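In the part that follows, the structures are each spelled out as structure tokens.
What follows is chain A paired twice: with chain B in the first complex and chain C in the second.
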Partner chain A sequence: MSENFTIPVGPLHVALEEPMYFRIEVHGETVSKVTINAGHVHRGVEYLITKRNVFQNIVLTERICSLCSNSHPQAFAMAIEQIAGLKIPPRAEYLRTIADEIKRIASHLFNVGILAHLVGFESLFMHVMEVRERMQDVKECTFGNRMDIGANTIGGVRYDIDDERISFIRQQLSSIEKEIDELITIYSTDNSILRRTKGVGVLSQQDALDCGVVGPVARAAGIHYDVRIKAPYAAYDRLDVAVHTFQDGDVWSRAMVRLYEARTAIDIIRQSLDSLPAGPTVATDERPPIPAGEAIAKCEAPRGELIYYVRMADSPKPERVKWRVPSFLNWDALGIMLDRAKISDIAIIVNSIDPCISCTER
Partner chain B sequence: MNFLKIFVRNLVNGPSTVSFPFGPAWTPARMRGRIEFKLPSCTGCRACEQVCAPGAIRFDKTPEGLRFMMWHNTCVFCGLCEFYCPTDAIHQSDDWHMAHAVDQKFSMAIRELIPYTNCSACGMKTLASAPNPVGINPPYTPEEIEQHRQLCPACRKKALAERGNPS
Partner chain C sequence: MLQSTTIPLAVLLFPGGVFAVALGLMLKGMDRRLAARLQGRIGPPLAQPFYDLVKLARKRTMVPDIAAEPVFLGAPLIGAASMLLAAALVPIAGVYTPDPILGDLLVLLYLLAVPAVVLMVAGSASGSPFGAIGFSREMALMLAYEGPLVLVVATVALRVGSFSIADIIAYQQVHGAFLFDPMMWPALAAFLAFYPANLGIIPFDIPEAETEVLEGPLLEYSGPALGLFKVMSALKAVVVLGLGIALFWPSAPDSGALGILAHLAKLIVMMLLGVTVLRVSMGRMRIDQAFHFFLKWPLALSVLSLVIVACA
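Let's turn to the complex of A and B:
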């Protein structure tokens, strides 16, 4: 007995507590058509940003997304620095890299943790969150905040680390390293995880290219694309950054890409700490004047390539800021991933793109 | 199977949560919490007001002087004010215990006044603010700060020239 039904999923609580509405037509247990309906939140950030000066906007952009909260101000600062012709000091470049990777570990672990939760493996979920908590401690101790770390400013960074803090970070890294290795083994061998994720929500390489997906979603479909390699910013051109790709393009591959990237992030932080140059952390102590002009900057947020376009006129407030956030492209691929999926897999598939609606519907 | 090991380990290690509010919660030294304001160090440059994204800081000219107002409930703890303050007059403490009853919401603010004074050299009405330390080498001594506080901007410049500031 198979019948056709239309079921609404959302606008509240699909995988994460963010509003997005899916109209799903099912045939029996199987999804036959998906309509994604956006527009349930509008935070007006595009307007707000033109009403604040560039320094205030470092704070505003940081609050666009909580998990990518370092990538947004970083890309914004990079764009403003381009316009102003500011060159940030080498130490600041390394400190930006460290902040970026610390955020990446926490963000990726959060996503694979939620995957365990959706699979119904609550004790694994709790464990992943506990491992992640170690990174949250690093953020709290180094930056003074668990999410909005406030690392960036125009012309450099706002934090510095001394020997004591470096050894604290190193110590946290070595304990988390073992735990992440353990998690990699669990996620690649545990039956409850494999059964629900292998071959689920497949996005082929061709479809991935057609949709233009970015970040772990693209890399899980075999696309070797990472802004840190293709267009290095901060100190990434001087560091050895391993890019992890998988061929299957399923939910499992996306989770594994995230776990391996979290592992790589530890290496990157270690490399940065090893070669951290001495010197100032900002290009100028004063607030630099920002001339008229326009610039594009991009960086690899935990969810993928994040692009900022900023245009300044003769005012300290930007005339226009335009984002291209990673989730925007990845949303589109959900239509393909959800096609012929089982109803019970919908939440797992939606979570696998690590959706960020607060970025997408800013 | 793998997870069983972790499960047992976590059981043996016991809970990793703290029993807040029944026990103390650990707070890192760098925690960016409640804003503190040191009136004697403030130069009245208003940099903090200009960088504060939510508009938690406001300066108003009143007949008595320059009034500083900061609303804790509007603050987003970004730390930009402290970063751009030339004298560290504004500072984020590690205090995060800011829950309060609704009827106290109007007292969740800092209200201070940089008063007007008459310049001790020329007698002109001027703000008794701390002098701006940027580019001052060697740095002002506490006595010099008090002396400059009583001077108008023009007389401060003159005093600085007599001091033989290299920059």
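Let's turn to the complex of A and C:
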């Protein structure tokens, strides 16, 4: 039966973790037109942020999105620190790096696990989530929370780790390291995964450049771009960060980039723990005064480059805060990836950009 | 040996009817429990499919405004009724032989195609685009797996020289089960590929794929109508696995309770090894991949087996 249908994918759909609406016109099993419609979880965060002072906003920015909940306050704090001319202590720089990479492992494994769920490989999904759970344990033990870890503050971090915590983190890292190596083998050899992801949702390097995609989506298309290398923040300039690129630009490459980045994150955390300097974790004990001014800061969120713009006037509340999230650029490329795709692959392709709707629509 | 019981009893009580429904739901419960354990979960209680059915029976069936109501509500009835009849056609070696008046292997083959047809009709009657996609996928899949099935049955019938199930079982009781006969292994392999597709489990649950088409034809169903589809699929498991046992692995000629227990044990083995372990160990295929798979392997194997048996 080869007919033309219009099928709604979303706003509520089992394959989507967050509300997003795709109006998909199909001919038989093939997609002929995609209309992406956003705006289902607009919460007015950009407005709310101007109604709170900068310290309250650390809490608010953390709640923009759960999976990048460390990157938002971090970039926000970096912008405020620029305005205030604060230099955060070295220990805080390393602790920020550690928090960033712990969140990255959990976020990437979550996405890769969902991929297995979408291709119907439930056992692998359960296994990946079990591996990820060790990282959740690390978060809970180190920060006291499993998702919103509250690591950052203006001028430093709000947590510190002692020797006992360090040895716990190291122990969890070595157990998860073997598992991630095994996952890399599974994802690069298992037939169920390969036949559904290889050559699916291809984004060529040229298209990737045209759309300006960032993060794992860009790196899977052969673009060597990572904020941690190009514009190092926190302690990344002192650490050895491997950037993984693939050339195919398909769903499989994106999953592999994420898995290898999770693997690299373990090395980064180990390096940070090895060279963790002693000293204070915040620049000033008192809350620093924030003068008028504006600044831009960026960091590498799990989904890619996250940019914050902050303008302060003569008030403790920001006059304007604007952020550009990685998913905003990446979901534009969905139009290209979904072109002539099969219905079965829609959810897999959408998931492969790891869309973060609540960040984008705030 | 209980010679052919009266027909209404066979259809409504044993081995079809109440017995087959309970057996099918029990097999589903075991399947879910083992799958959960293999995936590191605790899993639902064994009786969960029964609870689900009771819950559905107490709810209302919602009919979408754009659905063709008589067809929409009739489809699950026809599906469940056809499987109820089919369950009475499957023999239990040494215990039950279906009355020839009910039908033979060919009737069973036709009845086995009914659930897929019913799902197609239900999907298109529901008016949902996902139902329509489910329709086309179900049809493609059915075209792919029906051929090998017919050839497998033809192979067995050719070997035995009869289309009667009773004869097929009697032949194997004298000459040994085909399961242990290397000449019949290609046919067995083709059958082992057929039944996951017919039962709609991973990797062949394509028409109902939850993450792709949201259960496809079943999307708009609720309440007792959905319950009937669950009954249909539970019965289908009993029928298809029972057919497999009759074709390849009938019991030794013991009778009564022991024969039933042996049959149950085989059903459980086939369900857990052939369905549960299979579905937790891989992901779903795309419809084109599944279609190519069936044209490539099961069809070739079934043709090969027919040739071997014909030449032997």
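By definition in this document, the second predicted complex is superposed on the first by the 360 of 362 C-alpha atoms of A that agree within 3 Å, B and C clash if a C-alpha of one lies under 4 Å from a C-alpha of the other, contacts with A are read in each partner's own complex, and residues count from 1 in each chain.
Please note the rule applied: a contact is a pair of C-beta atoms (placed from the backbone, for glycine too) under 8 Å apart; a residue touches a chain by one contact, two chains touch by 3 or more.
Worth saying up front: this structure is predicted, and the values here are computed from it rather than measured.
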Go through the superposed model and pick first if A:E182 touches only chain B, second if only chain C, both, or neither.
first
Mind working out whether A:S123 is in touch with chain B, chain C, both or neither, as first, second, both or neither?
both
Which holds for A:F5: it touches chain B only (first), chain C only (second), both, or neither?
second
Return first, second, both or neither, reflecting whether A:R196 touches chain B, chain C, both chains, or no partner chain.
second
Give one of first, second, both or neither to describe whether A:D267 is in contact with chain B, with chain C, with both, or with none.
neither
By the touch definition at the top of the document, which applies to A:D148: first (chain B), second (chain C), both, or neither?
first
Going by the contact rule set out at the top, does A:S344 touch chain B (first), chain C (second), both, or neither?
second
Touching chain B and also chain C: which chain A residues?
123-124, 127, 130
Residue numbers of chain A touching chain C in their complex, please.
1-3, 5-8, 13-15, 26, 28-29, 116-124, 126-127, 130, 191-193, 195-196, 342-347
Residue numbers of chain C touching chain A in their complex, please.
35, 38-41, 129-130, 132-133, 135-137, 139, 202-203, 205-206, 209-214, 280-289
In the complex, the residues of chain B that touch chain A are 2-3, 6-7, 10, 16, 28-32, 47, 50-54, 76-80, 83-84, 92, 134
Per the touch rule above, chain A residues touching chain B in the complex are 52-53, 55-60, 62-63, 123-124, 127, 130, 133, 137, 140-145, 148, 150, 153, 158, 182, 185-186, 189-190, 285-287
